[in-house]
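Comments concern the structure below.
Note that the chains are named A, B, C and D in the order they appear, and that numbering of residues resets to 1 at the start of each chain.
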C-alpha cells in the first residue's frame, strides 16, 4: 500500500516539476506546481507528518499559489517567455551543473549511514507536538519568521503601489521647465510610442 | 444597526403573509383601455377593406416591420373603397414594438392596435402576420377575454380610472 | 479510515449522493423561501408545490449547448468546473454526523463520519482553499476580459475573508484544544461555543457568507449586474456545476458552523444525523433570510468590512480567548 | 514503513535538480520564481524525511519555517514583477541586467 502510494506520488511530483520548468505559459506552469505541491503533501503524509502536509496545502496552495496566479493573470501575455535562444554550451553547462549538484546530494545522503528508522508514537507529527516545539525550542525562529513576513508584506505593498511615474500636466511642466520642455516631452513620448509599436510588430513577426 | 433589524423583521413578517402574486394563465388581469397589442385591419360596413395600400403605416413604422404591396382595384375585383388596395399586407410581430405610429399614420383608420397580447409562437415564421390574419377578429385565446375587459370595469380598472377622474359607463349586466 | 476501505467507499458514495440530493432540494427551498419572504409564491408550476423544479432545472441545463470560446484554453476551460465541484464535495466529506451508531436489529456498529484525523479542520480548510482554483482557472481559461476580471475579483474577495475566517475558527480551536471535529463536538457537550465564542461566531458567520459568495457579498456573481463574474463564458451543465459548487460550499460552511459553534451532532432525543441536518438547516435559513433582506455591498465596502472590521474583531476575540484559556 | 527514507531523499534530489535547471535556463522571472518554489519544496521534503528518521519534530518545524520564508520570498519577488510590469519593463531576466530600477 505505502509503496504504491509512494510510487504514484513521486512520479506525479517529478512529472509536474518537469512540466513547471518546460511549460511556456506561466499560468499552466503555476498549475503544474500545484500538482507538485499536492504530490509532495502525499509524500509527507507517508512520512506521518500530517500537520506539515496540511500546512503545505494551506500555505502554498491556499495563499502562495493564489498570489502567483493573481500576478500571472495581472501581467498577462507579457509573462509568456520561452527559454529563448541560448548558446548550446550554456544549456549543457546548466544541466551539467544541476546534475552535479544532484549527484553530490545523492552521494552525501547515501554515503551517510542512516541506520534504522526511529519508531514514533501516534502523537508524532500532530499539531500539538509541532506547536510545542515551535513555541519552546524554536521560539526565536518563529518570531524571526513573523518579522520577515511582516517586512515582506510591507515590501509587497511598496512595490505594488509605487513605481508609476508621476505625470505632470502640461501647465505644471511649463511652470517648472519652460516652454521648450513641453515640446521635448511630446517628442519623447512619440518616440517611445514608435519604439513600442516596432517592438510589438517585431514580436508578432517572430 | 436598528434599521437592519427592522429590515430583517419586515422580511420575516412577509413569510407568514399570503403572497400577493396573481397567477397569470389562470387569472388574467384586464388590460387598460388604451393598451396596444395585436394589430387589426378593419373593413367598411359594406365589406370593403378600409386599407387603400398607401404604405403610410410602413413609412411611419420605426422598426420597419410592415410590408405593403399595393395593387389597382378593378371593377370586377373590388377589394377596397379607394383606388388601390393592399395586395400584400404583412406585419412582422417579432420586430413590432407596439408603438402605435401606424395607427396614427393611417388616413382611413384602417389599422388599429387591439388588446390581445398573447402572441408567442414556437417559430419565427409564424410571427409574420398576413393580411387575412390581420383582417380576422383576433382569436380569443383565453376564457377571461370572452368578456371584453373594457366593457367590464374591474375594481382595478375603476381604481386606475378614478385617479384621472374618469367615470366609466358601468356595464348594465354587471358581469364579472 | 476507521471502518475499512470498502465501508469507507460505501459511506463516501452515500454521503455524496445525499449531499447532491440535499443541494438540489435546498435550491427549491431557497427559491420558495425567498418567494415567501417577498410575498411571492416561488416555484409552483412543476409538480405539486413546484417540487419537481430541481429536476426540471437539471433537464434544462443538460439540454443546453456546451460551447467553448474559440480563444479559450480548452483543457483548463473544461476542467475548471470539475475542480470547483470536486473540492466542494470533498470538503464536506469530513463532516461528522455523530459518533458511533449501531445498526438496528444487528450488532454492527459504524462510525457516522468518513474520517477523523488530528488535523480534520486543516484538511477542510485546505480542500476549501483548493476550490478557489476552480474560479481562477475558469476565469483565466475563458480568455475573456470579463471572466478574467471576475475571477480576480472573486479570488481577492475569498483570500481577504479567508484570513478573518481562519482567525475566528482559531478561537474555537484554542478553547477545544483540538483540530479534530469529533473532539470539538464532544467538548461542547455542556455549553455550545456560540456562547463563549460569540464574537468569534459573528466574525465566522459574516466571513462564511462572504466565502460562500452568498448575498450580500455575492460580488463574484452579482446576478443583478450587467456582466457575471468568472463564469461569464460558461453555459449549460458547466455553469450548473459552478453554481452547485457554490451552493455546496455554503452547505459545507453551514455544517462547519454547526460543528464548531452549535455542538455538531449532539442534542437531546433525536439521533445525531438529524440534529446535524437541523443545525445545517438553521444556518441555511439564516443565509436565505439575509439574501432576501440585505442589498449587495460595493467592492470597496466589501474590502473595508473584511480588513478593517472583521480582522481586528477576530484578533480581539483570539486575544480574549487566549487570555481566558490561560488565566481562567 | 515499507518505503525507506533514502527513497524520499532521492525524489527530493531529483526535484531539486529539476528546479535548479528551471532557475538556470528559464528567462521569465515568473517561471524562475516557480522553479525556486520547486527547490524549496524538495528541501522541505528532505527535512520532513530526516525528521521521520530521527523521530523528533525538529525537522517539521524547520519545514514550516521554510514555508514562511518561501511565502515572504514570493511576496517580494512577485512585488518586483508587478513593479516591473507597471513601469512597462520587459519581463526577461536576460534583459534586466542594469540595476537602474
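Here is the rule we go by: contacts are C-beta pairs under 8 Å (C-beta built on N, C-alpha and C of every residue); 3 or more make two chains touch, one makes a residue touch a chain.
This one's a predicted model, so the numbers in the text were calculated from it and none came from an experiment.
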| item | value |
| --- | --- |
| Subunit A-subunit B separation of Cα centroids, rounded to whole Å | 66 |
| Chain centre separation (subunit C, subunit D; CA means) in Å | 33 |
| Inter-chain centre distance, subunit B versus subunit D - centres from mean C-alpha coordinates, in Å | 72 |
| Mean-CA-position distance for subunit D and subunit A (Å) | 6 |
| Category of the chain touch graph - line, ring, star, complete, other | line |
| Pairwise chain contacts under the document criterion | A-C, A-D, B-C |
| Of all residues in subunit C, those that touch subunit A in their complex | 73, 76, 117-119, 122-123, 125-126, 129-130, 132-133, 136-137, 139-140, 148, 151-152, 155-156, 159, 162, 179 |
| Contact footprint of subunit D on subunit A as seen in their complex | 2-3, 6, 10, 13-14, 17-18, 20-21, 23, 26, 29-30, 33, 36-37, 40, 43-44, 46-49, 51-52, 55-56, 59-60, 63-64, 67-68, 71-72, 74-75, 78-84, 86, 91, 94-95, 97-99, 101-102, 105-106, 109-110, 114, 117-120, 124-125, 129-130, 132-134, 137-138, 141-142, 145-146, 148-149, 151-153, 155-160, 162-165 |
| Subunit C partner contacts - residues on subunit A that touch it in the complex | 27-28, 31, 34, 50-51, 54-55, 57-58, 61-63, 65-66, 69-70, 73-74, 126-128 |
| Of all residues in subunit B, those that touch subunit C in their complex | 4, 7-8, 10-12, 14-15, 17-21, 23 |
| Interfacial residue positions of subunit D with respect to subunit A in the complex | 1-11, 13-22, 24-28, 30-31, 33-35, 37-38, 41, 44-45, 48-49, 51-58, 60-61, 63-65, 67-76, 78-83, 85-87, 91-92, 94 |
